[in-house]
Amino acid sequence: MTQFAAYTTSTGEAFQFWVLGTIAVIGALCTVFMKKAVHSALCLAGTMIVLAVFYLANGAYFLGIVQIVVYTGAIMMLFLFVVMLVGVTAADSLKETIKGQRWLALLCGLGFGILLIAGIGNASLKEFDGLGQANANGNVEGLAALIFTKYVFAFELTGALLITAAVGAMVLTHRERTERAKTQRELAEQRVREGKHLPPLPAPGVYARHNAVDIAGLLPDGTASDLTVSKTLRDRGQIRDVSAQALSDLKALEQRAEDRLERTNSGEGSK
Amino acid sequence: MENLIALLVAAPLLGAAVLLCGGRRLDAVGHWIGTVLAALSFVFGAVLFADMLGKDPEHREMSQHLFSWIPVEGFQADVAFQLDQLSMTFVLLISGVGSLIHVYSIGYMEHDERRRRFFGYLNLFLAAMLLLVLADNYLLLYVGWEGVGLASYLLIGFWQHKPSAATAAKKAFLVNRVGDVGLSIAIMLMFTTFGTFAFGPVLASAGDSGEGTLTAIGLMLLLAACGKSAQVPLQSWLGDAMEGPTPVSALIHAATMVTAGVYLIVRSAAIFNGAPDAQLVTTVVGAVTLLFGAIVGCAKDDIKKALAGSTMSQIGYMVLAAGLGPIGYVFAIMHLVTHGFFKAGLFLGAGSVMHGMNDEVDMRKYGGLRKYMPVTFVTFGLGYLAIIGFPGLSGFFSKDMIIEAAFAKGGTEGWILGGVALLGAAITAFYMTRVMLMTFFGEERWKSRPTASPEEPSAEPAAEHHGAHAEPHPHESPKVMTIPMIVLAVGSVFGGAFFSIGDRFVHWLEPVTGHTHGHPPVSALTVTVATVTVMVLGVGLAYLQYGRRPVPVVAPRGSLLTRAARRDLLQDDFNHVVLVRGGEHLTRSLVYVDHTLVDGVVNGTAASMGGLSGRLRRLQNGFARSYAVSMFGGAAVLIAATLLMRAV
Amino acid sequence: MNPVNYLYLAALLFTIGATGVLIRRNAIVVFMCVELMLNACNLALVAFSRMHGNLDGQIIAFFTMVVAAAEVVVGLAIIVSVFRARHSASVDDASLMKL
Amino acid sequence: MSFPLLTATAALPALGAIATAAVPAAKRTAAKWLALIVSLATLALAVTVLVRFDPGGDRYQLTESHSWIADFGVRYELGVDGIAVALIALTALLIPFIILAGWHDADPLETGNKRWRPTQGFFALILAVEAMVIISFEATDVFLFYIFFEAMLIPMYFLIGGFGDRAHEHGEETAATQRSYAAVKFLLYNLVGGLIMLAAVIGLYVVAGNFSLTEIAEARANGSLDMATSTERWLFLGFFFAFAVKAPLWPLHTWLPNAMGEATAPVAVLITAVVDKVGTFAMLRFCLQLFPEASTWATPVVLVLALVSIIYGALLAVGQRDIKRLVAYASISHFGFIIMGIFAMTSQGQSGATLYMVNHGISTAALMLVAGFLISRRGSRLIADYGGVQKVAPVLAGTFLIGGLATLSLPGLAPFVSEFLVLVGTFARYPVIGIIATVGIVLAALYVLVLYQRTMTGPVKAEVAKMPDLRVRELVVVAPLIVLLVFLGVYPKPLTDIVNPAVEQTMSDVQKKDPQPEVEAAK
């Protein structure tokens, strides 16, 4: 097996490579070209899982597992979490704003890729030792032996790095309150002073067909009032503009109700 | 006794320093301080002269070493004086005539509020001029040389508020500077040739050097002499220099400073003796100037400018004589001395006339003044007779000797030079008679002057005191002015005879300059007769033109030559067109070049860098993605480079 | 099949990821693309490890993962705080650095 | 260890600068007096250096040497030869006059702002420049020299850009624009020169292994340090370029007229009489000593450039309409003479060049400071705005004339001695160049006399009719300078005695002998 691995692999692995490799590439492309961040994240997760399989196939059992647990499990979930925070439904426009950026990017990518592949092709990588010997005592044990001897210093450093990163993330996202919080009374006074909307904000979905948070309530004249939607959604531009639809829905509802009433009436009448 | 030499220079220098730094509180006595110190210098000179006469003629040279001036490796310049017979002659002439003119100026400048300063400048001039003739090396001579130039500049431009005076002063200095360049190059040549520029060693070893070097030095010295002595082609400043007060014209631009060129040539006799080509050029310059000055003198109506032309012409004689070599040196100096007497006298006389005539300088507005100014008339007349070479008077002896020596040069040159000198004598007689007749004889044209007298641009400022518009009342000048004139007249009458009888002057100077007796192709008597004949011819011609006929108040148009001569034979026009205009264009275009080209290259570089970075700045659009593209592209290029390196 | 193909795949994924970084404006997606690039590298490292028959490549890949994790944590924190301040996750909006 | 006299001479004005800058805003006059006293004390120290210096002694005297950046062989090494002593004395001499002449140049226009202290800044900057210039003259370590050579740009930049003439013929706004243009131009030119020099300094270190002038020069002389010909030439060019910008040599000169035109007269004097001298001094000290072969190699080109500077500067001076720019172009012409004298490679030329540096400093100071007094009275730098000043202010006109006459090197005044030595020295080796250079003499007379004629003579213009004559303070500034001009013109021996041995050593560095006269004159 070891000898064999020196220049080729089993047919099974080849089959697996071609199938999963294609999936990985497709996943990667989808990551790049999907409009919604959440789709991108899911595609990326797919690619990562494929890669985990490849790790396993390459004898890196520990990494394969870690890839799934840490990457796909933790990091990608973190991504998804942030995506949710930022707005899951917001779709990016893929229209380019910087002049020439896309073409330059594609050109560079193409050139880079070709050069990279040419470089690999150029390199004399005929030797293929295989990991049989290295993994003889088990992959994890082998890694551990290396990590805690040869790479112990780097390992310690990564530990420090992780802690620092954790602290950093906390510092970055944590907002220190610099002034005393305003009391209810002060807020009320401020509202009076500014002459703005004095009563409490209306609840969303008032007079609407449903009371979803992202749907503006309707004023008595039938127009939507943005005030009814929470500020975060407003800022994100995620207000679902329902006034027209709601009205038509309302009309349809009335129509239906009338129809039924008529039917009932006629029914009654026919009866 | 040697220690007195420095005092010769020191006395007037002290006067200059005291008068110029002393300020207003010396105004009342300034002129006396100046005069006394000038006279003191003359007294020192006289004492030294008496001492010198008492010595053996071969050992009369005295020297005084003051201090080492510029000691640099291989280059020693000392402040040291040398007083020999040649210097002595000059010392007496300068301090003597200088003192007389100081006295005269007391009267002449009486009404000028800046009289103290005037005397300070005069003293400065005396100091510089004495330094010039007493220096024992060329570099110190150069100091005196430029010093007199400065004094001349200050005095010509004394009435600075007149733009014409300021311009004339500047012109004089500049033209002199051109000559000075010649002197400095000559000194440099001496330094590289002989390793020194002290008179003694240079002149003693002049013979050891090649003729080419000597010719070069000689020509450069001649250039210097041309500048200082107003010889063609650097003569243009002298006429304008008449803007200065008349005593200045008498002292500096007639008697002393302008003859410094002759001194230089005679002093450098050893060099010229070894350079026949330079001598030839010198004689040609002298001859040309002689005629040039004479012709200009005939056409000028301004009495001072006419006399200036005459000065130029007479110095031409001297330069001609100096160029003749050992046969002429002594006569050059002799004519220089006699010329110093009679020309100074003539100028002082002219000043006296102007003093009595509300500073009018146009001879056409004079006439018949002999009745009003008898003393001036007589002294001026004696000077006149001396300059035209009336037999027995000083000019007769000295000029005759020069003409003789010119003939004695031999060959065709001798004939040409002698002929030119003779012709010059005739013209001299003509223009001087013209001056004489127009000024002192004939009808009194100043009376017929229209009341609204044209304000001459060159009218001297003392006119303000007299009232320029009033009809002049000619009157004799005060004693303080006439006495110097009388003294000078005596000198111009008897000087020549005193020097010539028994060849006194020749014997006096011979140890310094050397002397060879020339043998003219015709007898000396023939030359003398010829000289007197042409003189009489000139006088007669002038009498016919100006004595017999009334002189028009407004100058007639005149012939082409007259008109050209009025404009200094168009030399100024040439200068103006070629040098002044050309220079203006050159400097203006250079200013443009400096601004646009030299500066432009730099500014252009800066601007293109600015433009380039302005364009590059657009790459810095602030979009991280753009930067990322360039990073990525850079990475691609790096890979490409690595691959290429591997491939190669 | 020659295992070098893994390297080609890694190169391809890396290039795709890099292009994505350049093209996408949404910071989160850009970040994902960076992750993709890192993963491509890891794949290459693992393949190298196999080629050379030692585990050093895997160690490096492991460290890469750690660093990637730290980076994601900090990066996402930055994105969140930028989003809070500017109400946008577009990298183009943070172009204040230009003159 | 003896008292570090050289360090003290440089440190005193530096400390004075700090102290002056720290004077409170309200005590403006105290700052002026402080600066003046410090500069006078520095002068006293400089005179001590002059006295302690023994012309017949070692080449470098009063030396101090301390390790500074040991890793790179940079040492704090000071030492003076005759040339440096003369220039230190010149610097220390001129600064009190500059301070006194600029007494009111930096008075604030309105005194409302309590923290506004331009006066303190002005005088502190002048003292700072003095300190840096003095230490540049003293440094015998190339790196040390380089640092101060460059650092003096900073105070100069502020002096040029920050303080202009109070009145300006084009109004305050234009003046400010032109001033900052001039300051930036000054800075950029000199920085470019300095950067190129920095490369050469590093190159020298790479070749020689240390920065010590004495060590390198010695090693060069006894052959233990061998430089490839091309290396030496490149290094020479690097050094020379910086010095030629500073000097300034045509065609690198255009910053000077701007800087001198826009700065106040005392600062202009500081530029041309003091700071620029570092350039010519450094040519003599560094270029010739460190790179003798390359200096000989470059001589023809340098001489031609110097010649062009002489003629070109003089011609442009003739064409100027602005008094200060005229003086600036005249200075360019004079710097041409200095550089010509240095590269003529004769004793006379180099002695003359050194004397020229001193004399030019004094004569330009005299002319420029009087010009500054004149300008401050009328509020215009244009020649055409003046006329007939002589009648109104005779003392001013007289001193102006003497300054001008010194500029045209009239015999009897100091510059003549040096100019003639330079000409003779050049002529001895390069007759044609020497002869062409004499044209510069005529042109000098032209620009000086034209300037004098247009400003001082002629009818009195209405604007100058009320012009006061020189005040006592101004007279105190000008009179000593004039006395010095006359004294050094008549008796330059004290100066030549100091300078000559140093010049002889430089001559032996470049292994040149004076040309011998054709004929051994009979003594």
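A, B, C and D label the chains in the order they appear, each numbered from 1.
Criterion: contacts are C-beta pairs under 8 Å (C-beta built on N, C-alpha and C of every residue); 3 or more make two chains touch, one makes a residue touch a chain.
Just so we're clear, the structure is a prediction, and the values are computed from it rather than from any experiment.
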Under the touch definition above, the chains in contact with both chain A and chain C are B
Comparing B-C with A-B, the busier interface by C-beta pairs is A-B
Centroid check, CA-based, most central chain -> D
Chain A to chain B, mean C-alpha position gap in Å, rounds to 103
So, in whole Å, the Cα centroid of chain B is separated from that of chain C by 95
Per the C-alpha means, the centres of chain A and chain D lie apart by a whole-Å value of 71
Rounded to the nearest Å, the gap separating the Cα centres of chain B and chain D is 37
Chain A residues touching 2+ other chains are 98, 101, 104-105, 108-109, 112, 116
Multi-chain touching residues of chain C, meaning two or more other chains, are 18, 22-23, 25, 92
Among chain B residues, those touching two or more other chains are 621, 623, 625, 629, 632
Each pair of chains that touches is included here, namely A-B, A-C, B-C, B-D
Listed in rising order, the residues of chain D that touch chain B in the complex are 188-189, 250-251, 253-254, 312, 315-316, 318-320, 346-348, 351-352, 388, 390-391, 398, 405, 410-412, 416-417, 420-421, 423-424, 427-428, 431, 434-435, 438-439, 441-442, 445-446, 449-450, 453, 456-460, 490-493, 496-497, 500, 503-504, 514-523
In the complex, chain B touches chain C at residues 617, 620-625, 628-629, 632
Counting only contacts in the complex, chain B reaches chain A at residues 621, 623, 625-626, 629, 632-633, 635-636, 639-640, 642-643, 646
Interface with chain D, chain B side, in the complex: residues 20, 67-75, 79, 139, 142-143, 145-147, 150, 153, 157, 160-163, 165-167, 169-170, 173-174, 177-178, 180-181, 184-185, 187-189, 191-196, 201-202, 204-205, 208-210, 213, 583, 586-588, 590-591, 594, 598-599, 601-602, 606
Chain A partner, complex, touching residues on chain C are 1-9, 11-20, 22-26, 28-29, 31-33, 35-36, 39, 42-43, 46-47, 49-56, 58-59, 61-63, 65-74, 76-81, 83-84, 87, 89, 92
